[in-house]
Each structure stands twice: as C-alpha cells, then as structure tokens.
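Structures are listed in the sections that come next.
There are two complexes below, and they share chain A, which is joined by chain B in the first and by chain C in the second.
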Partner chain A sequence: MFCRSVTSKLRCDRRRCCPITSTSTVLSQGVQQVTNRNSSTLTTPTSPFMNMSPFLMQRRGRSQTRFAYPEGMKAYEDDWTEEAEYPEIDPEIHTWNEYRRKRLQDELDFHMKIRKATCPEAKNLELNMPKQFGYKVFRITEDTFDYDSLAAYKFVTRTHIASNTQLPSQYSAPVLEEQVKHYLEKVKKPIWDVLQFELNTPRSCESDFNEFPHTIDLKKSQSIISQINRVILTVLGQEIEHLKDSQVDSQPNIEAFWQMGGLEPSFRRRNQRKGNEKKKTYYKLKDIKIDDPVEGHLHYIGSPLLQVRCKDPPKNFVSPTDPVCSRSHEEFPDRFPHFLEAYGFRFAENSRFASIIPGHWSGDLHRCNLLAYHGRSHLLAGERVDNKYWSATEENEEALCSQAMLVSFGRLLSQAFYHGFDQFGDLEYPFSTQTVITNGLDWSFFAYQLNTIKFHRLALAKNQKQNVMWGTQSESIFDKENPNELNVNVLGNILKFYLNTPVPVDVENATPYLTSRIQDWDDDKERVLTFFNFREQVCQRIYRTDNLLKFRPPEMYEYEKIYKFYFNTMPIEPRRRFFELPSGFPGSQPWNEPYKLKDPLYESKGIVRLKAEVAARKEKEAIEAAKAADGLKFGVAPAKSGGRRR
Partner chain B sequence: MRFTASLLNPRMWINMRGKAWYRFRKRAIPDDANFKRIIAAGYNVVDANEYVKPLSPLYTDYDSLPDLKPTYPVPPKNDRNNPDWHDEICKVFDANVFPIEGVQQALAFTKGVRMSSELPGPILERADSIKFSEEEDKMAQRIVQQAFLWDSYLEKLPIVKHPDYPSLNPRRVYGIPLKRSNEIVFKNFLRLIESKVSPSISLSRMMAPEEELRVNLERHNSRVQFRLTPIVNMVSTGLLKPILSKQEVEDTQHLPLTDIYPFLSTANMEEVNVYKEADHFAIQPQNKFPYIHTSAFSHHIPGSHIHLHPRWNDDRFMGATIMTNFATALLMAKRKYGPEVPKILPEPVTTQMVHMTGKEFQFCVLQLNTLDLEDSSPTSIKNNVWITEKIDLYSELQNYYGKEIFEGYNPEILKLVAGMYLST
Partner chain C sequence: MSSRLYPIFQKGNPQMRVFLPNFWMKMVRPQIDNAPKNKVQFVVHPGMSQFDVKSYLEKIYEVPVVHVRTYIQEGRYRRVPQKGYIVKDDDYKVAFVTLPKDTTFEFPNIFPEEKAQEVENEEKHMDILKENFKKHQQRNRLRPDVPGWFL
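Coming up: the complex of A and B.
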C-alpha cells in the first residue's frame, strides 16, 4: 500500500514541488532511477526493499506492475525545486469546494467559447448551445410600462439619468446651432405641409370598431414619422454626406438578450434550496445560501417605427473616464430588493432561445445606429388606462423615460454584439445613440451612451461602470402661443439629431473579436450547420432531432402528476419518463441538455428513394419521347405497349 | 382519468374544491380597532384619501358599473343580413383576380390601344438625362440587398411545393415577405432619387397612407368595382400632363379595337353581393396634394410565396397591370370632373404605375381619353397604353445557408423609376 500511494502522488503532482525525497521513488527492480537535464541515468544501490522479508519480496514480485511507472514515464530533476511553488490563491474561491469550482470553470469556458467564435451568427449559436429548449426569460416589450416602474428599468439596464430636461452639451455647440438655423427655414414649410396632409386624411382604421386606440395611434404616428424623415432626408441628404450614405429601415425587428445577476430568488427557488439541504448531495450545493440572489435572463423584443443607420457611430457624449460613467453604489446596489414581476415585467417564459438582432443581418456593414423613432402608443393602453392614479404629467414622463432607456440599451447591446462584444467580456469602447419618442404631435428626445453590458451573476458586483442617458420632457410640435406655427425647439432638436455627424471609432481595430465573416468560411458543412441552426433559434423553433416522438419540450401530464408524482399508485409501471429517472441518469434533466445541431441537407431514406424513382421515371419518359420522335422522323408509327418488338 | 382514491384524497379535495369559498369570498378591510386606540392615545388621524392624487381622466372603473363590459360588434356575416348586401351583383377586380384572356381582355375592357412595348419618349428622355455615379450605383445595389438579404424581419412564409415532388410537404421557412421586400426596394429607390433631384420637385410630392382605393364603373350592363391596395402611392399637387396631344389622339382612331368574343371583357371577375357602393380615396379633394402621380403595386399571389402559379402567366400579369392602371386613372378622372364624368374627357388624364413581383418590374403609363367604353365603333376615340415587358432587377439573389449570392444587377430599373419620378 505504501508504495502505491507514493507512485500515485508522484504521477499527479509531477510539475510541482514534490515533498517526497528522491529515495522514496520506487522502481520495480528495487533500484531508484533519476534522470538529470542531460538525461543520463543514475543508479543508487539503496532500496527500501532490502530489509524486507523473502515472503514479502515474493509477493511483490507477482504484482510488481502495480508499483511501476507507466511505460515511457521518467522522473526528472527539474521537477524538484528548493522552495515550494504554490498555486495562486484567489481570495474569492479558495474556500469553495471542488464542485463549485468546477461549475465556475465550466462557466468561464462557456464565456471563452462565445468570445472565440468568429462571427455574430456563431456567437449567438454558442450562446444557445447549453440549453436545447432555450432559456427561461423575462420577455420585455414596449407594450406597457407600469406605474412607478422606472427603478426596475434603471436597474436592469444600469442607466444613470444625467439630465431629465436637457440634452448633452454637444448639442449646443455654436457650429451645430448655425447649421440648424440654416436648415430650419428650408424644413419648416414642408413639415407643416406634412402635418396638414396627415392630420386631414381620415383612415379606415379610425372608424373600425375592432381597432384599439393605441393601434390606430401607432399607425398614424408611423406614417407621420416616415413623411418627416423623407422631407428631412430630401433637404439635408444632398448636402450632408453621412445622410446620403445612410440606410433607412422601417419597422425593423430588434432583439436583445442579456443575463442579469442580483435578482431576488422566487419563493419556489427558496423552497428548492431548503429542500436541497435534505439531499444526499447537499455537499455539492451547501455554499449557496437560501436568500442568495439569482440570475435572470432578459429578452427585449421591440421594433422602432423607423431607424437610420450609418457606417460609424455618433460621437460619444462624455469620455468613458468621466465620473458620470463610474457607478454610484447608492443608485445601483448589487442586488435589486424586489421581484421584477412587481414592476410589470411579465412572468418568465420557459423556453426561448437567445436572439440578438440589431435590425439587420451581419452582411450589412452599416451597423451603427444614428437615430431611431419609437411610438408612444403604450400611453393609450394597459396600465395607463387601468390605473386611476396615473397622472398625465409625472407618470407619462417616467414611462417615456423608462421606454427610452430600455429601447436605447437594447438597440446598442445588439449593435455591440454585431461588433463582436458579448456581455461576458465587456465593451472596449462606449457606443452612443439617439432616440426620439413621438406620436407625431408630442415629441421627446433622448441621448444614450452605453458604457457597460457586463451584468451577469459573476461580474455584477465587480463592475464599476454605468450607462448614461440624457433626455427632454415631451413637447408639442405646434407652438404653444401661436398654434398656427411650428415649435422651433422641437424642429431644432430633430435637425440636431440628423446633423450629429458620425465619427470613426478611435481604436485601431473596432471589431477585435470578429475574425471572419460567415460568408467567407471555407468549410461548407460548418457554414451550413451554423447558419441554419442560428436562423432556427432566432425564429424560436424547437424540435428534437433524435426522436420524432419527442418534438415538444417535456411535459408532465395531469394523470402523471396525480398517479405518479403525488401518489405512487403505479409502482410496477416501468419508469421511463424523465421525472422518474434517478438524478444524474441520462435524460433525467431534459431542460439542461445541450442543443443538438440539425443538418438541413440531410435526406432521409424515403426521400432519397422517392427522388430516385422520379429521376428514373423522367429518364424513361425522355427515352420514350426520343423513340417516338425517331419513329416520326423515319415514318414508323411508335410501338404500342405490349406490342411486338424487334 | 380514473376516478380513484387518489383523487378523493382529502388533501386534494381541500385544495381543489373545499377552499373555493376562500378564493371567491368578498374581501373586506378588517376593522381591528387600531384607529380607535391611536386616537385614544392622543394622535391625530387623517384619512389617506386626502393625500391621494386626483383620478386620471382616462380611468373608467368598470367594476363599479353593473353589467357594463366593453363589447365589440360581431363582424357581419356574408349573407342577406349584412348591411352592405345588394341584390344587384357586382363584379370585383382586386389583387386575386386576373383577366383570363390577358392583355387582349384588358385592352378590350379599357378600350385601349397599346402604343409600344416601351415607355413613352418623354419619360425615356428624362430617364437618360439622370446619370448615377458609381457610388450611387453601389448604394442602389445595397438597397436591393437590404430588401432581399439583410432585412431582419422574419415571418412564416407560405408553403412552396416542389413541382417534381408534389406529395412532399416541405417545412415552412421564415423570411422576408415579398410585400415588405418590394416596399423597401421602391421606397429606398425613391429616397436615392430624391437625394439627387432638386428639393422643389420632391417637396411637391407626398406619400399617401396605405389605404384601399375603390372605384366603380358600369360595363356590359353590370356594375364593376376595382379594389386596389398600392404599397406606395405617390400623390402630387397637379395631374400629370398628357403624353399625346389632341391631334395625336385623333390619329390613333384608326387603330383596331381588340375583340375577345365569345367572352365578355368582365370575364373571370369575382361576383359578389356584399360591397360598398361609393368610391373611396382617403385623400380629400380639398387637400393640397389631391392627385395620384405614381402608384406601385406588389404582386404576391395569396398562398404562394414565389411567382409560380398554374393560372397566372406573364400575359395575364400584364393584363392585370393595365386594368389596375386604368382604375387609378378612372379615380383621378372622377376626382377632377366629379362623379358624373363626361364621356369624352375635356382633358386627358394620365397615370403611371409600377408592378413588382420581387424579381421583376413592369412599368405602365395610361392616358385616359374617353370613358365611353361601350361604344365599339371603329372610328371612336381610344385610350392609350404604354406597357413594358417584365424587366429583371437581378439575375440571382439568395442567401444559401450563409453565403450571400447577388449577381446580375440591372441598373436600368432605377433609371426608369427616376424617369417616372421626374415626369410632371
């Protein structure tokens, strides 16, 4: 036993300082073998087995291979040092048990996989790989913003509101003001015409009983905005380079997915944690306290009414080293003390794949958003109408503010992702954008700077950055005193947003983690697999590839719940369903199994056979047709089937 | 489910039914006499409602109003009880209907003569006068790619069956619907042109909202209604100038009229009893921009994503283009001369139209000289039609599992659109 333990220790701690002296290394012949740098072998006459009884020597001889080095392995002098070299001690994790460490290592590996993926499609695919049915997410849309919910939106986007009434100082630069003055005169009359045209044109949806007020509002604001955008681009587009070269999307779909740590665990999760204490495998989990915060997945799905994109992003409003950009701990604590559901976030959906889309696919290189228009139709529906204490001044402004911070954050996060930055390694430089929220008559303007997106469980507390937003109160486009004229302030703000010139990023390589486009991949098979599965996930399609019967995500039926789960009335029934399998058994946790790639070009046997049949039939028809044609040419009637052949 | 002891288990019984009274009880605020104690202790108690904000004007408390629930009228059925029911049958021409005899039928219906297989000379001259630089050409190509490759809008597209394997049901793919692609291409082409021409021209135009157009007409002693939904409807301050002068129009009198006997020219139109009688055009006559300048239509057959349908062919497609353009011209004539239009128009009405299938563009110009369609005498005045064949925008454009293939872009189309845009 002694010898065995010695060899096993040697084997695993090879490159470290070995506390065992050289004399204790044992070889099968009872002779120590040490190799120096010049790899010359030394032999020593001493052996621990010299004093052994002949009986033991005899026993040893029979099982000598147990104590030998594996074949080809030798001991080197370099393996020993004078002083011990211990591995670095991480104060955070040195008290952790091996299971927790392994889990951490797995997570870090997952982050590195996403980082090493070469294009946004592959990154998105990697993000979804751990879960075959997708994540459990909070789906956030612009449909409603609840009463007094600004705090929650601020926390999940970590946005500091620098000013509620004023845009950043960049917009009051004298050069910009002069430009605005110049163009204001040209734009005033056509915009007035647009408003007259739109407001005096009745729609069929207005008299439709099945249409809701907020959908009508959205349609009207959509057409007003597209007209105003058209007017401004025609006037400014000829003279201003970045507008001429821009791309315009109407109602693109924008999706953003991020992990948010520091959320309150639900009662169900708490009960689970309590129950875990009774388990045999409690030692794996005992470091997690019952009230520890949990990580949630947030999925923003929205669509601006209109979006203008350029090659370069607009200039940042403040430097990233500015004190505004560093986190204030009072505003953004490590943990949000309430449930998100209490702030109007919908209950988590069980299966949704992560999809990050900035309104275009990666082939389009105009990937920086200049400005986007959003509607404010949510102020005519949902919480706004149901809540009797909602006041038009304060709560409206708060709702618009939270909408602006949500949509700007979501848009910029997806834009950053298409620049190669994921949320596990942070941004390397900030991104900025401009947001207009309007129904065509009331306008509010917001400027947003994205400094950080690293909010996952491990990094939330350490992250010392915050995002910044500036905004204005909503204002009518018509002048207050003279309603027959337009509000110069609003028009000026619109023009300023268009005239804000994009500047190339001041970095050597703006996309360090995008090494190759999917279009340029040489490996066709890999490209097809990656692209197809990426698109499947983005479309939220779920299926299992291995078994046709298991198309859908697993579900426990009602009869199973009663007769198998609560009351064990079917003890002789074979235990095949996922909830009956012992823990750790393959298939016992279907939600946590990895995604299985599907090959779109695979053809099953039946289809191959069908295709062969069709091809054969076609060939036969072609031959018969040729024969018939030949027969006609030489004046012979075509042979009937079953007729006599030569 | 078997009814067994498990279901009758008292725990389940209590959970499911026995506690129903608790769930559905009427809740009241318990009076625990704390206020009395506080007041007795000498504190001043104020009602919380004094500090609550005034009620929102939009708020309606449906609970306080007995039996008042928001109700919506049931959509009327397609029968005699429908308020729009008429005993007289109406023949409807819309996006699903095609003229069965193609161009011949369309010309017979509109009493038109086809002048040439190209657009009229002035439009071609204007198209040639605009020269697009290389950069603008690249921008135009980018627009096409944006519409068909890069737009991230996803919708479940209809089934596309393989003609060789009709028994197979392929999986429905997600992608950009054809209508949206066409809209992106056309609107962005207009944007590109507007950034080139002088703003005074483009500011005298306006984009009408997406609304259905309805026009009525009497033909072969039956009522005919056109129902059109253009994707882009450009309106302007005035009507387009006629392309042929009065003398030239009279010169076209000798051209023969088409005859599709034994069919009537209203053949294959859908016969309905439920319809609205009046014409409909969302833009009011007193508006600053009352007239249609150019309208663009997206041709997508319901039920098939690609332009592959056994009953549609190029000839019928072209016929549909002429019919649609005729309808817009008729609408404009009614706008100018009122509902009772003189049979022979004092001044001709001209309209332009673009018909798109995603890959192909077709351009049509129609000059409406007469509405005396029943008069088929060989010497009567006729309407003039210029219509091109289908022109390809590109030869190949697809995303084959990540590989973007874009070949054979045709710059002529942008030029023709510009030529149409510039016509006054």
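Coming up: the complex of A and C.
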C-alpha cells in the first residue's frame, strides 16, 4: 500500500514568540491522538521509507524505491478485518471535486481536534488556533433590540416559541403547588418590606445629571433582585437541599460563540464570485453559485444581574423525541432570506477571539444553571423611547421574548461547552434553564430547552432538531385590584423556579469528552502554556494594549489599495508587501495563519547566558568563602576579593 | 431642510419669505429579491441626517416611519477607457427606512410589458427604415452627382 506523506509547509516563525505553531506538536497530555493539520489524505499516513536507510534509497532505482520493501511485504494487522468496511458515501459530497473534498477534510480535522482536547481551556484554544488575529464576528448584546427583529433572533438560535402566555406543564404539578402555598405566607412580608424600602428611598444616582434613565433602572433592579434572592434563599434554604448547596453570582461575565450557516452573501462576495469565471482556478470554484449561502460568526456578550448555580441541571421540560423538538421547515428554512444587518446585527469592524465563558471557572462542580435574572433597561434606552411604534406594548413584549431567547441560548451554549459538547459534535442530551426578566416591578418568566447547537454551514440543512421556549407576558408584582397586596401569580412563579428540583442526568457519563482537568496536569510546561494563551485570547489582550501594534493585523494603506490591489499600476515596483506575495505563500493572508502560541517560560539565549554567569559567580564566591574559612584553620591568609584598585 | 446659505439681511434689501429646501431623495430598487416588505431604500442628499429623512417623509408625503439608518457609500474606482488613469465616482448617502409592520411597500414595475412591446415595435420600424436607406444608397451608388429629388 503506497501512501504519500505530505511534508509540512513553511511557516513564518518569528523570533519574538516561541517557534511552536501547533498545539499537537507540544501537548501530549492535552490531546489524546495527534492528527496532523497538514494531512490532506483521507487515510492514515504510513510511509514505507520509515525503516529504510538513506544509503539503500540511493542505491535502488526509481521504480524500486516506490514499491520495494527491504524486508518484504508487511501486513499491517491493525487495518485487517474479515469483511471489508467501506466508508459511507454521502450523496452531496460524492459530487464534489477533489479540491473541495480536501478542504472538507481539513475542516473535519479541525473539528476532531476540538473534540479530542480534554479540558475546556484547551478546547477554547483550539477553536482560536486557525486564526492569528481572531474571527470577524457579529457582536450581539442586550443593549438594543431593533423593531420587528424577533424573526432574526429565532433563526439565529433556532427556537420555537411553544407558548407565549403559559409555562410548561411541569410547573402546574400538584406537589409544586402545595410547596408554593406553604412557603408563600412566610415569604410575603419580607418581600413587601424589601419593595417598600427599595422603591421609596431616594438614591444618589437619581439626582445625578450624568446618569441616564436606563442606567438608573438597572441599578434599582439589581438591588431589588439581590434582596429578593437573599430573602428566598434564607427562608427556603433551611429546608431544601439543592438551595443550601447552590452558588450565587452577581453580574458574571457570560460569553458565547457560534458559527451560523445559511446567511445571505454580501454584495462584495457576489461580485467576487462573478469574477471566478475568469480565473485560472475556476475548476476549483465551479460548484459555487453567486447566491449560495454563507457562514457567519456570532458572539454573544452579556451579564445577568444574578445567577444561581447548582450541581445538577433542572429537569428537561420535554423529552427529545417529542414532535415539538423536531424542526419545522417552514419556520426554519435552510437559509435566512434577508440580511442580518437589517435586523440590528452589526458586523464588528475589529476581530475578536472566540471566548465561551459560563460565568465560573472550569473546576467548579456547580456548573448547571438553575436560574438567572436579567434587567429590561434596554426598553428605556436610545431611540426607542420617543418612537410611538417602537415603544408599543406588543413590540416591548417581543423584545423581551427575543432577549430571553438570546440570553438563555448563550448561557446554555457555554454551559454545554464546559460539559465538553461543542458546536461541531452535537449535544447528547438536552439542557434546560429558567430566566426571569424584571424591572423590580414588572416580571416575566421564561423556560428554555436546548436540543441542538449544530448550525454551521455543512450541517445546517441536515439538522432536524430545534430548541423550544415557553414564556409569560410581563405582570406587575403588585396586585391589580388591591395595590396593597402582592400578586400571587408572580410570587408563585418565582417560588416555583426556585423549587424546581434539579435532577442528575440519566446518561452514564455526563461529560464524555472531558477526560482531565487542567488543574491536574502534571507537566508544568503544558499547563502554563495552555492557560496563559487561553487567558490572553479571552481577554482580547492584543486589542487592549495601545503599544503592541506589532501584534495587530497588518494594515493596507489606501494608496496601496487603489494603485496596487484593485488596479496594478506599479508593475515594476518590487513586491515586498504581504498582499503582493503569491497566493498560498505563507504570509500572504496573515488573518488565515494559525495563532502563534506564546511561551511564558521561554528564556532567550542572553538570559540563559546571564543566569549561567550569575550561578557560576555565586559558586566561585561560595568556594572562596569555604576556602577562606578552611584557610584560617591552616594559617593561610584569605584572598582579597574584588575591591577598588589603590 | 436645506443646506443653502442665504444673504444676510440689510436695510433696504427685499425680505425673503420663501425658503426652499435643496434636499432631495431618490427611491432605489432593493437589490435582493426577498427583501422584507416594510423596508424601503433611498439615495439621499449627503447633508441629510436620520431626523431629516424621517421628517421629510412624514411631513411632505405623510408616510409613517419607524426608524431610519443612513450610511455613506464610497464611490467606485474605475479606469478611464483609452487613457488608463484611475478615477473615482462621487460618494453618496444611502438611507434604509423601516415602515410599521402593517404597511408594505413594493417597488413599482417601471417597465411594464405593454410599453416594452411599443418600444420593440419602434425599434423594428427604425431597422426597416435603415435597411431601405441602405438599399437606396446601393441602387444609386454609380450616380453620385444626381440630386436627391430626382432619384
């Protein structure tokens, strides 16, 4: 069996950073099986020349070096099976040409690398390895929601709204209702006191002219929510175990990154595709039509006001085989027909490294979200307030719906990532969570179940699952008829969310793809390397320091764009810039180069030499001191060391 | 509503009581087929802001407007034919206007089929006339000095 072994391509290794370009060459503990990124063959590469000496290779003729073995034909017994195992033939990929299949194999290798990384920090590192300066992302936050943008958020998270007014049937079980009645009486008075205090006392920020109404609103809701949470946990926590053993975070940082296929290509991309016909490489690009959908990267950045975490996840509202969880093609087509920019998704001008953070460190055992509170101050911010269409009650409710979708999806995605499930290999069991969106006065409750996260370009059309959400309209915490009393529905819902007991997952191994923790790695070098680079990426360090321009993407000046890039008006000038290099040459597309790992334990030659000198000097002084001490015994005068010349 | 600079009033000058706007808006076809139906696109005077666009539509045409987004599109660079040097078209401002959910707008069909047929017929007529003229020329190519009313 003859297989070509592909030699590694040149990489620009700069002296400043350590010459490590791929994690697989360094990490043996962090990766279970090494797959070479440069391999373009579909079978495992085995070279018959491994055991052959170079002398023998020179001796034999051309035909003999190809097919002859020094020890005769070897049987590779690992590959032998009695019945032939043919690989599956995907009807779509079968029609592709060779170039496209090679690129597909590279992508699948990338997906396997992420899966084989053993801890979430290593997975995050591997996600960012193919891009030196990060991904160009759509940056999504909770700050604004555009008019009539529910459709876009639905497509992007693929959620089906099962009901707009009712929570799932799990919450109307008689056991829960009895518990709620029991605790309601205890909790009513303290919450009433809290609300009276928080809403009637004046605050310094209210009289500050630098503060906007939406920032004041956020601060108010933060204080009300933290007080209510404190009340409930003290009352219920004495008798209920999962609340005794829960962790509470205040304004944690939650970030989620996912790739979305099925998006409309921009006009620049369409014009590029029109020019494909004239290129020499047209045979590679024949299959791509002008209107083919395109993949976009989405990044959610947000922080709930309060988050409650437990060891086990809350019980799933619906079994994964239910018809609600299977995708309806009318609601979720293979392709979104409009531009995402029309619905308020702004494309970020600067790149950003992918960071997936659930609000806690990876070693924490309390890694499942029970509850989270979010503020609704975006309804008071910006142009929304003065606009009679935009600030209508229906539109507000839709905005809250889309906020709940976004927020729960992001939180659950990062939770799943820290359980080992990434976007390219789908979830094995569904996750669910509860969100509360409040002002202090108006409360709305949402329950969300995550069934899939597999939305990238190759798998969007084949994914037959969807995510489900239930929610209520916003209600005031004070009763309509009797404003001196609290609304029983709202209080009941709050208590139900807390009393929803978490249940351990049915599966044998809840985290099949996490096999070790970074805290337990023995090798200092690997551990420090991964954590240091993971932290640098997640903090976006190269974009926050002003002096490190050398670590930022290179700039193409405007005259170069016009006179060299668009139109070649300077053919005699030497081609020294990065974009003038031939295509495929390393350095011609710096944003597509792999990330350069930084070794914090790296010591340059000068420092190594210095350290050796210092150590040698210290040894000398110790020897001389010892000699002097011994010399006194034997009557020898001590040698004069150092000192000025006289 | 205007970017004109008017002369300062001095005693004895005629008083200007009419201030005409020099803002203009040009409606433009959406470039995708499946554009959302409550969104309209305009090319606009580059001095107009989002509020100017909104008040222009609401006050002059009584169109309800929810939101406007504007941006300046860079003009295209191109080579001048037969000269070779590079030239840039002017920048222009594009406005995306969202109407309320209930209202829809479809860009009208400026080239309906009846008019297209008329244009075709006219072109055919012109072609026939040209052919006749050519035949006439061919017939009388050996008699260049004869006057036209005689042929």
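Following the convention adopted for this analysis, the second predicted complex is superposed on the first by the 484 of 646 C-alpha atoms of A that agree within 3 Å, B and C clash if a C-alpha of one lies under 4 Å from a C-alpha of the other, contacts with A are read in each partner's own complex, and residues count from 1 in each chain.
Everything that follows uses one rule, which is that contacts are C-beta pairs under 8 Å (C-beta built on N, C-alpha and C of every residue); 3 or more make two chains touch, one makes a residue touch a chain.
Nothing here was measured: the structure is a model prediction, and the numbers come from that model.
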item: Partner chain(s) touched by A:A616 [first = chain B, second = chain C, both, neither]; value: neither
item: Partner chain in contact with A:L597 - chain B first, chain C second, else both or neither; value: neither
item: Partner chain(s) touched by A:V194 [first = chain B, second = chain C, both, neither]; value: first
item: First (chain B), second (chain C), both or neither touched by A:A173; value: neither
item: Which of chain B and chain C A:I93 touches, first, second, both or neither; value: neither
item: Contacts of A:F267 with chain B and chain C, given as first, second, both or neither; value: second
item: Which of chain B and chain C A:W390 touches, first, second, both or neither; value: both
item: Which superposed partner A:F531 touches (first chain B, second chain C, both, neither); value: first
item: Contacts of A:A629 with chain B and chain C, given as first, second, both or neither; value: neither
item: Residues of chain A touched, compared between chain B and chain C (which is higher); value: B
item: Doubly contacted residues of chain A, that is, touched by chain B and again by chain C; value: 387, 389-390, 562-563, 566-567, 569
item: List of chain C residues in touch with chain A within their complex; value: 31-32, 34-36, 38-39, 64, 66-67, 77, 79, 86, 96, 98, 100-101
item: Chain B-facing residues of chain A, complex; value: 121, 186, 190, 193-194, 196-198, 200-204, 209-210, 223, 226-227, 230-231, 233-235, 237-238, 244-245, 247-253, 357-361, 363-364, 384-392, 518-519, 521, 527-528, 530-532, 535, 538-539, 541, 558-559, 562-563, 566-567, 569, 600, 607, 610-611, 614
item: Chain C-touching residues of chain A, taken from the complex the two chains share; value: 146-148, 264, 267, 337-339, 342, 383, 387, 389-390, 562-563, 566-567, 569
item: Touch list for chain B against partner chain A, complex; value: 1-2, 4, 6-7, 9, 12, 52-61, 72-73, 75, 139, 142, 145-146, 149-154, 164-165, 167-168, 174, 183-184, 187-188, 191, 194-196, 199, 202-203, 206-212, 282-284, 287-289, 401-404
